[in-house]
Every structure is written in C-alpha cells, then in structure tokens.
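Next come two complexes built around subunit A: one with subunit B, the other with subunit C.
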Partner chain A sequence: MEAEAIVRRCEALYADLSLGSVREWKAAHPGRPAVGLLPVYVPREIVHAAGALPVSLLGGGDQIDIVKGDASFQSYICHLPRSMVELSLTGRLDALDGFVFPSTCDVIRNLSGIFQMTTRGKYIRYLDLPQAMDEGTGGAFYRRDLVALAAEIARLAGREAPGDEALAESIRRYDRNRRAIAALWAVRAGAPWLVALDETYLLMRAGAVLPVEAHTELVEAYTAAVAGRARKPEDRIRVVVVGAFCEQPPLGLLRTLERSGCYVVDDDLFLGARWVEGDVLALEEGRGSVAEESAAPVDGPKGGPHGPPGSDGGGDPYGALARAYIGKSLVASTRYQPDGRRGEDLVRRVRALKADGVVFAAPSFCDPALLDQPPLQKSLSEANIPFITFKYAENTGQFQSIREQAGTFSDSIKLWGEA
Partner chain B sequence: MKLPVAEASAVPVPGETAARGAGGGMPEGRAQGSPRVQKDVSMERQKAMLAGYFSELAHARETGLKVAYTFVPGNLTELIRAAGALGVYPEVNALQSAMRQKSDGYVREAERLGHNEDVCSYVKCDIGMLAAGNIGPTGEKLPPPDLLLLSYTGCFTFMKWFELLQKEYGCEIAMLHVPYQADGGITEDMRRYVAAQLRDEVIPKLEKVTGKKLDLDELSALLARSARAEDDLVWVLDSARNTPSPIDAYFGGVYYVGPIFTAFRGTLECEEYYQALRQEVAARLDRREGPIMPNGVLAEERFRLVVEGPPNWTHFRDFWRIFYDEGAVVVASTYTKVGGLYDDGFRHGRAEDPLLSLADYCLGCYTNRSLPARVDLLASYVRDFHADGFVINSLKSCNSFSVGQLVMMREVEKKTGVPGGFIETDLVDPRYYSQANIKNRIESYLQMIAQRKGRA
Partner chain C sequence: MADLVTAGIDVGTGAVKAAIVCSTGVAKTTVLGTHRERLLRRDPGRVAELAYERACQAAGLTRKDVAYVASTGDGDAVAFRDGHFYGMTTHARGATFLLPGARSVADLGALHARVMVIDEQSRVRASRMTSQCASGTGQFIENIARYLGIRLEDVGPLSRSATRAEVCSGICAVLAETDVINMVSRGIPLSEIIRGIHESIAQRLAKLLRMVRAAGPVVLTGGLAADVGLSAEIERALDEDGGPKIEVAAHPLSVQAGALGAALWSAHRLRRLQARGPDAGYLSTPT
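Up next is the complex of A and B:
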C-alpha cells in the first residue's frame, strides 16, 4: 500500500469518534468485548490476552461540541474529561463494554468515579500503577493486580482467566508492534523529511482502535513505503515535543508546528502506545519473577492463579509486565522519578537525536505536565538547549500565535544557532 | 449513635484582639473588617502548642533533631516521632502564609521562577516561601528536610511537589504509595502493600537519617494515645448533631483538627488538648450555646449546612463572616476528614499490627475515597446532622477535591432531596477569591433554603 493511502485510512479511523471499527470488530467476533483504556498507560497485553479488544481513548479532539461535559467540570480543569463525558453521554462509547482508568493523575482518577456514577451497567476499573519502584513491593502489588484485571476482563468475555502462555503470546504481539514503531521512530530521527508529524501521529492513533496485529502491519507497511519517497530535506530545525502525553493537541496544531519550520524528531504524543522501551519478553530469559513481599508483619498468601511466583522463571509473563513497568518505562511525568533523572533524560534524548531544541506543549491545567516544566527547563538551560513553551486544549482552534512562536524559534536557531 | 452529653464546664471563653504574630498549625490570622475576634480557650492552647513546636523546629539543628517533611493526608506523625524526628507540613506552612497575607507574594515569586499559573497554589506558595528564605509562620527559619516523606495519599500533586523539593534540597526521599479506594473499600492486598513499603522503604530511611533504630513499642504507645485523642475529636464533631450545634464544623473545625492532623498526634499534649476541647464543647452544649464565631457566640442558628471542600485561606475570616452574618452554621464538613476519617470507627493502633494500622489510616483519608463514597458520606452528613443544605467550595488549585464536584452535587441532591450550593475560590492565591461574588451566591442560596424551610 502507498503511504498516502495508509494515512488516509488512519485519518478516517481518527475522525470516527463513534468507534465504527470497534463495532465492526465486535460484529466479526461475537461475544467478545471491547474495553476502553484511558490515558496514559494501561498494559494492553492484558486486555488482549483476556480476549477483548483494547481501545485507547484519547478524548474528542476538536471534532465534538461539548455540552454535557461542560456541565460536569469547572473551567479550571483540563479539557479531556469534558470530551470523555460528552462522548460517553452521547452514546459514542456504546460499543465499549468497560473502561480501565489508570492512576495517571487526579483528573483521570476522579473521572473513574464519574463514570461509576453515570455509566450504569459497564465494567469500570481503576488501575493503580505502582509508584513504589521496587520489584518486591510495587512490582509484586502490580503483578497481583494485573492477574486480577485479566481475570475480570476474561469474565466479560465469558472466558477463563488467561494462562501464562496466552499472555506470553499477547506480549509477543505487542513486542512486535513496539519493534515496528521503533523502526518508524528511527526513520523519523534519521530522515524526518520522509515522514510528516501528522502522518506518524495518525498512524499511532490508528493503533488506538485497531487490533494490534493489524496495526503492526500498517506501521510496517508505512515505514517501508516512506523509504521510497523522493523527498529532499528542507531547511528546518529538529525539535522534540514534550508534555502532550495525555490530552492530545488537535491535528491542525501538529501541522502548524511542522509548517513553521520544525521537524519533530521525537514526541510524547499518545505516550501510552510506546510506554515500554524495547521488548517485554526478550528480557525474560533466565530471570526469576517479581518477588512477593516477604515476612511479617504483612505476610500473606503468595502468588496468583498461575502458581507461586519465583518458580516460573522466564515463564512469568505477568511478572514480566510488572518488571517492564518498573524497569523499562519511558521517563514520564505521571510516574515517580525521585532522582532528578527527568532533566538528564531529556537532555540525553535531545543530544542523541541531534535535536536543536525542545517544544514544551502541555494541555492547559495539566498538573503533571506543567509541574515538570520548571526543572526540565532548568536542565535544558544548563545544557544550552533552547526551548519554547505553549499550552493548548484538545479543541484549540487558533494556531496563529503558535505559528509565530514556532516560526521565530526556528528562524533564530537557523540564524544564530540559538533561540 | 449516642449523642454527646454535656460534661463539666470549661473556663468561660474570653474575647481578644485579632491575632498577630506567633501561632502556626491551623489558621491564625487577620480579621478583615473586624477589630475584635472571639476565640475558644482551646484556640489559645493550640496557639501555644504550635509556637513551642515551631521554636523546637527552629532549633532542630542545634539540638540535633532530624526533620521530615510530609503531607497532612496520610501523615505518619507517630512514626516520625517514634523515630525521634520532627515533622514539617508544607501545606500548613502554605495556609499559614495565606492567613498572614504572604501567599500572594510567594505564589507570584514561584510564577516568576517559571511555575505555571494553572498549577496548585500550595506548591507555588511553598516554592515561593523557600525562595524567600523558608521563614515559618512564627517568623523563625524552618530547618531544611533531612527526609522528604512522600506520603502519596489522595493527591497526585504531592508527588510532583516533593520531586521539586528533592531537586532543591538533594536530601533523602521516601515514597509511600497509598493505593486509591476506587471501589469504595480497602482490600487486604492494599494494606499489605502499604505496610510492606513502611517496612522496606520508609522505616529504613527514617532510621538512616536519625541514626536510630525504630522502637516499635514506642510507636504502639503513641498510636494508643492517638486513638484516645481521636475518640474525643469524634465526640466533638458529633456534637454538631445537636440543635443548636455547639460548634461550627468547618470554620471552627479547621482549628479542632489542627493538632491531630499535624505534628501532635500521638503526644500527651495532643491527648490533653482534645480532652479539654471536649470539655469546652460539652459545656457549650450544656448551656445550649451555639459556636463561637469571629464576632462572638452565634445567637441564633438559622441554617444548618454541610460543606464539601477546603476553605479559602487568604480571606478566611471574611469568608466565615458571610456565613456568620446569615446565621449559618456548618454542622459537618469533609475538609476536616482529609487528615484522617474517624467517623466509621477507625482508630490508630487498633489493627493487629502497628504498620497495618498506619496503612489503614493512610488508605482511609477522605481524598483517597472514590467519588461515589464521597457522595455517600456527604449524603449521610446531610441526613444525620439534619442539615438544611450543603455547599461545595470548589478550589481552582485542587484537582483531587474539585474534579467531579459538579456531578457529586447532583448525586447528593438526588440522594437527599436537598439542593446544593456551589462556589469557587482558591486556597492561597487571592486572585481567585471574590468576596462580593461569594457573598452574593451564599446569600441567594440561603434565601432559597429559607423558602424551602418556610414551605416545609
């Protein structure tokens, strides 16, 4: 398939807020549920292994009028929950049998309660991702919760809880997806003129609704197709976009950014789809599993339905997901990082990608993204890396000031080597 | 439930001029538009306790005492004390700065340093205070932390806040991840997880900074004292079920929870404070007196209200006055449950193990409860405290409290048949407080409530 045709297909999926492709999937797979996953990260492998279609929900963008959503939230709360409530109350999420709300921030947390009160009869699940970044405590707690989550979703599908082999197989499929995305990212870094930001973004967004196998094929086909594009590099600066991991900017904003003289060589848009760096399972050769907490005063039963952890070595895929969360997650604002590594990580990334600067683009009223900015900016300043900062909402319609800001940023770097 | 009965009368309550200077802990401040402020005896006692504590903190370096910064919800005060350290509570410093009209400058300073106008003003107030030399409420410098004890209970921003402080101080930090009660209950797994972190992360780090092994017997003794104080606090808050209520459970309530939500829980001083407070309230109950408000004892209780959400601190007394002038008494509030919810019988030290008891405490704090559970609690307050209405004070700063409050209001209305009132302010950023606007809204709301009462 041609790259343009792939992108057109992805854009149609992106524009369909009523989840037509999910309905089609359900029609083709009778009795199997679809489960909506709120940002930022929920391990989709669990949902897949339990027999359901994971559907990542990223708000309504600029394509929906908010009426009911605004009656539910004060003006000083970010936009994403409004459009989620609007989508839900207007029936656009009816294809979904349940929702998983990860512990991203207090907005997503409380949104889970709003869904509990307003979406009767659906499965509503809060997933407490561990902030104790230790395999023995946080890892063990999380592993047990993943076992429970898998069993609950399997029940929705009328199945038994997925065994280790089923989950391992799902993880392998997502590992392949991660490799396909990594290959695309390598093209972005090496030859960004071949892949426009809106294209890669739409391609990633297609993964929000498509089954993972279909998405992987699409990414691989696109990456192969763009390699043959006869495009020449333009005189643009290379930037990394930071802060857009949850509520998504409208497509128009992304296009404006690139047209203002930037190649976006890395971003954290829809970060949940790239949360784990590298493979989850390849790591597992010869490793033990996430240990349970031991000893008094908190002794208790060990293990989940898959036998006592510690005995299953590389065959503990639940443990592998838990370990991946603790040890292989990308540095993210929503995850505890006590040692100032966020700044170092950003500087390292900018340098590795030979980026000229950073664009901080955060949703208005987004505490996780905005509270991280001062220390990140300090680290960049200390490393002499220029940056610009703006805020957006998913339904921002005016891009003039962003065009000017990004244009000036690009011009000054091109002219003087600094902003 | 057995209603509190009157007990031996306490010393009569004096009036006095508006407080300045020393104090700390819970609010202490300027009485805008009023030269004289009346106070409970217990307020004076609390003021002295706090002055002593801040002085102890100011001299911590000389006395060799180590300092742990921590948050009010899920605070591990008994553990900190048993380890031989002192606690500092940055939220309390922020609200104190607001009461002293200093928060405006601190917030602006933090914004000048790059912190965004959209984020929680407690964090910015603290960062601004740090930039201005970290001078505490009593005018003495606060010691830097030896340990940042990140009790991650009920608020995401706590994590970011201490990450920022860790970068400033470069000191030891301990994370205590407290899972959220999303399904309205505490599971055994959650308790075990929290207790395991206490054992493997928090206690070793406390021991490392103090250089002392934690004495578990000492911890248990502190927890037992906490429980006795908690019994008295619950009694005091429950006294508002009487008509007229002898207390205001929001504006007055923030004083009542001061010692137990902060550095004193588990101490003898704290236990005695709550005994005395109980006697004081019992005496008022005996005399069928209303609460002491900024301008004296409330003569007539016209409205009984429940309030959800923290108060505004920059205009605390002006805010209170709006209610006082209308004869509105707050008979129950959720803010007085952020540092511990004891209504449903939880007491420190009653679990099978002291660490599990601390886990139960952290897990149970109000903002760690799901929205449906918060709705149920509010509805039960409206019913059990015979309230005429309920008001939500929604804060611009606080996603933890604010997100979902409009939906909660509709749900509480459905459950109780009582209409709710909704106002918007902020904690410590005065730019988001409008006296005229709030007054207008509260007055209109109470007019509506009066009409309903007239019809009833």
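Up next is the complex of A and C:
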C-alpha cells in the first residue's frame, strides 16, 4: 500500500470521533467489549489479554464544540477533560463498555469521578501507577493491580481472567508493535524529510482505535513505503518536541511547526503508545525467560492469577509488565522519578538525535508539563541547547504566533546558531 | 571569497517575487535578476516555478548556476527550495540591503502589515502585526481600486493629487467598503476617497510603529511600498502624532525585499555550512 493511502486511512480514523472502527470490531466480535483508556499510559496488553479491545482516548481535538463539557470544569483546567465529557455526553463513546483512568494527574483522577456519575452501568477503573520505583515495593503493588485489572476486564468479556500464556501472547503482539514503531522512529531520525510529522502522528493515532495486529501491519507497511519516497531533503533544523504527552495539539499546529523550517525528529505526542522502551518480553528472540532478565524479580503473587511463574512457558508476564514500568519506561513528566534525571535524559536525547533545539509545546494549564519545564530548560541552557516555549489547547485554531516563534527560532539557529 | 549565486522566492498572498543575487561577501552583493508574478488565482506552486524561471532569465542564468534557493512567505509552494526563512527575517535583511542603516521596517503585504525594529545585523528585536481584519492591507486597496474603476498603479498618484482626505473607517474592511459606497453616492472626488483610505491605513501603521518604539529610517517593504500615496500618508501620520521624528523611505526594489532577504540569507547560510565542511548538516544529506 502507498504511504499516502495509509495516511488517508489513518486520517479517516482520526476524524471519526464516534469510533466507527470500534463499533465494526465489536460487530465482528460479538460479546467482546471495548475499553477506553485515558492518557497517558495504561498497559494495553492487559486489556487485550482479557479479550477486550483497548481504545486509547485522546480528547476531541479541534473537531468538537464544547457545550456540556465546560460545565464540569473550572476555567483554569486543561481542555482534554472538557472534550472527554462532551464526547461521552453526546453519545460518541457509547461503543465503549468501560474506561480506565491512570493516575496521570488530578484532572484525570477527577474525570474518573465524573464518568462514574455520567456513564452509569459502565466499568470505571482508576489505575494507580506506582510511585515507588523499586520492584519490591512499587513493582509488587503494580503487579497485584494489573492482575486485578485483567480479571475485571475479563469479567466484562464474560471470560476467566487471562492466564500467563494469554498475557504473554498479548505482550508479544505489543512487542512487535513497539519494534515496528521503533523502526519508524529510526527512519524519522535518519531521514526526516521522508516522514512528515503529521503523517507519523496520524499513524500513531490509528493505533488508538485499531487492534494492535492491524496497527502493526499498518506501521510496517508505511515504514516500507516511505523508504521508497523520492523526496528532496531540505535545510531545516532538527528539533525535539516536548510536553505534548496527554492533551494532543491539533494537526494544524504540527504542520505549522514543520512549515516553519523544522524537522521534528522526536516528540512525546501520544506517548502512551511508546511508553515502554524495547520489548517487554524477550521470548520471541530467544533471549530467555523474563525471570532470567531480572536478578530481583518482582515480589507479590507469582505466575499470574492461576499459578507459579513459568508454569505455562510464558514466564511471569504480569511481573514483566510491572518491571517494564519500573525500568523500561520512557522518561515522562507524569511518571514519578526520584533521581531527578529528566533534564539529563532530555539533553542525552537531543544529543543522540543530533537535534539542534527543543520545542516545549505544552497544553495550557497542564501541571505535569509546565512544572517540569523550568528544570528541563535549566538543563538545556547548561548544555547550550536552544529552546522555545509555547502553549496550546487541543482546539487551538490560530497558529500565527506559533509560526512566528518556530520560524524565528529556526532562522536564529540556522543563521547565527550552531546548526 | 568565492562568488555565490543564491535565490530567494517570496510567496505572498497576492504575488510571488523571485530574486537572484551574487555575493562575494557581506560587503559586495549584486542583484542579478528579479521577477514579480501575480497569483491571479493560479496554483502558487506553478507561479513560484514561473517567477523563478523568469528571474533566472533576467539574470542570464540557469537553475544549475544557483547554489541555494530559499523560500519565504508560504514556502510550501516552492517544492524545489533548499531552505526556508521566516518572513520577518527576510524582510529585515532585504530592508538593510536596500537601505543600509535602516533600523525599522514596515512590511506592507496583501494580507497583513507588520512593523519591526531591527539591529545592524538585520536581527528582529521587536515586531507588531495588524489584526486579522483586512482593512490595513494591499488586498483591501486592490478591492477598493477595482470598485472605483481605478488602475492599481494610479492609486498612489491619485491620492497625492488630493487636497484633502475624506475620513474612512479604519477598523473594519467591510465598514470601510460601505463608507466608500456612501462617499461615491455623495459625489466625493475619487482622489479624496483614496487619500482617506491611505490616511486610515497610515494612522494604524503609525500607531504600530510607535508601539514597537521604531527609530528611523523606516523602510517600507512589500507590495504596498510602491504606493506613493500611502508612503506620503505614513510620513504625515508620523509627523502629526506628536512622537519623535521618523524618516520613511522606500526603494524601487522594496516589493522584492522578502525575496532579496531570502537570497541574501541563503548566501550567509551556505557559507556557514561550507565553513563546517562537507559532512556538516544539510550539505551531507543525499540529494
């Protein structure tokens, strides 16, 4: 399939706020539920293994007028929860049988309460991601919660809780998805003129609603297709976009950034889809069982809900997911990080990607993103890496000031900076 | 320092301007050729191709002779570009090239008007832009000229021939157009109507220039820079608003300032890349 055809399909999925593809999936899989996952990160493997379709919810963007959603939140709250309420109250989320709200921030937590009141009869779950980043404490706590979450979602599907082998199989499918995305990211970093930012974003957004297997095929097909593109490289600066991990910027803003003379070689848009770096399970590559990966296995109930670890040949997949969160997560503002190495990590990322600068693009009123900015900026300044900062809302419609900022940022680097 | 031939293509909302320059360094730059092609509802990509082709012909060159092509304005229309510079950056550079010593720029385009304070290196230090309303732009003047049956090139001289200005709405293009219809029905001479429109635009620009603390000389760039009636009214508005004296200047190539700036920055950029060696940045990417 041609890259352009893939992008067109992804854009249609992105524009369909009523989740038509989810309805189609449910019609093709009678009795199986679809579960909405709020940003930033919920392990989709658990939902998949429990027999449900994981659907990542990222707000209504600039495609929906907020009428009822504003009544639920004060004016100093970000925009995403308003559009989530609007989507829900206007029936656009009716295809979903439940919702999982991770502990991203206070707003997402409060949104879970609102959904509990407004979506009577639907499964509402708050997922408390661990704060203690050691396997014995946070890992064990998280693993227990994952086991419970899997059992609850399986009940929605009228099934038994998924065993280790079922979860291991789901993880393998997501590992393949992660590898496909990593391969695409490698193309972005090496030849960004072949891959436009809005295209990769739409491709990632397709993964919010498609089954993982279909999404992986789409990503692999796109990556293969763009390799054959005859596009001329341009003299642009290379930037990393930071801060847009939850409420998503409108497509127009992403296009504005690139039109202003930037190649975006990495970003944290829809970060939940790339949350774990590398494979969770190494079984497919013959690198041994999960138990062998870690000298200090996660404490707590072993072997999934049914038995000891390794009893089904799948190791301890629940523990592997917990270990992945503790040790293989991307550095993100919404994940507790006791050692304060976010700034160092950003500098390392910028250097590794040979980026010329950083664009801080944070949603207005986003505490995690905005509170992280000063220390991150300090680290960049100390490393002599230029940056710009602007705020947006998911329904921002005017990009002139962003065009001006990004354009002059690009010019200043090209004409007077290090690039 | 070896000669570098570079090009700039300024894709505006009313016209595409292309300029080709040869530079031996900052101190010695020659304009080899320019061309302005109005869009007239044609595909901007094709018009950009055409404008570039004509500029090359005017310079007596082929595309192969040009080492770097930069777009400015709506750069997406220039598929063959090497790089892109933001409009403010290029107009600032074009202004200092046309009038060394310029410290402020008023870029008067078809869609927007923008004023800038710049330093001796053509860096923009402050800027302001008109609001979204079209009442301060070239497109508005074009529309009015069409309604009144006046050729665009006659607008400036006609305005200058008026002994007084008929006051016109400076807030909204729609209201201003209604004003003009009323003026015609009241028998107001066309010259006074045009001068009233110029006065209205000039007063808004003078306010913008004062807001950014512009210092003279102010160089007018963009399509409206060629409108002698407007430049006279800007000078008058600045004289009469009680602020410090600011000199206003335009150049025969002012309309090409964006394209010239893009061409000049192209040479600067290319020299920087070349100084870093063939493996650096853009020069090392496959073509």
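Just so we're on the same page, the second predicted complex is superposed on the first by the 388 of 419 C-alpha atoms of A that agree within 3 Å, B and C clash if a C-alpha of one lies under 4 Å from a C-alpha of the other, contacts with A are read in each partner's own complex, and residues count from 1 in each chain.
Here, a contact is a pair of C-beta atoms (placed from the backbone, for glycine too) under 8 Å apart; a residue touches a chain by one contact, two chains touch by 3 or more.
All values derive from a computational prediction rather than experimental measurement.
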Three-chain arrangement built on subunit A, subunit B and subunit C clash or fit: fit
Which superposed partner A:L156 touches (first subunit B, second subunit C, both, neither): neither
First, second, both or neither for A:L281, with subunit B first and subunit C second: neither
Partner chain in contact with A:P233 - subunit B first, subunit C second, else both or neither: second
Computed vertex angle (subunit A) for partners subunit B and subunit C, CA, steps of 10°: 100
Touched partner set for A:S103, first subunit B, second subunit C, both or neither: first
Which of subunit B and subunit C A:G261 touches, first, second, both or neither: second
First (subunit B), second (subunit C), both or neither touched by A:I385: neither
First, second, both or neither for A:D128, with subunit B first and subunit C second: first
Nearest Cα pair across subunit B and subunit C, whole Å: 20
Contacting residues of subunit A [partner subunit C, same complex]: 193, 232-236, 259-261, 400, 403-404, 407-408, 410-411, 414-416, 419
Footprint of subunit A on subunit C - complex, ascending: 68, 75-76, 79-89, 123-124, 127, 129, 265, 268-269, 272-273, 281-282, 285-287
Touching residues on subunit B, where the partner in the complex is subunit A: 113-116, 118-120, 123, 152, 155-157, 159-161, 163-164, 166-167, 173, 175-177, 179-180, 182-183, 188-189, 191-193, 195-197, 199-201, 352-356, 370-372, 374-375, 394, 396, 399-400, 402-407, 411, 424
Residues of subunit A defined as touching subunit B within the complex: 71-74, 76-77, 81, 101, 103, 105-107, 109-114, 116-118, 125-126, 128, 130-134, 136-138, 140-141, 144-145, 293, 295-298, 300, 333-334, 336-340, 364-368, 370-375, 377-378, 391
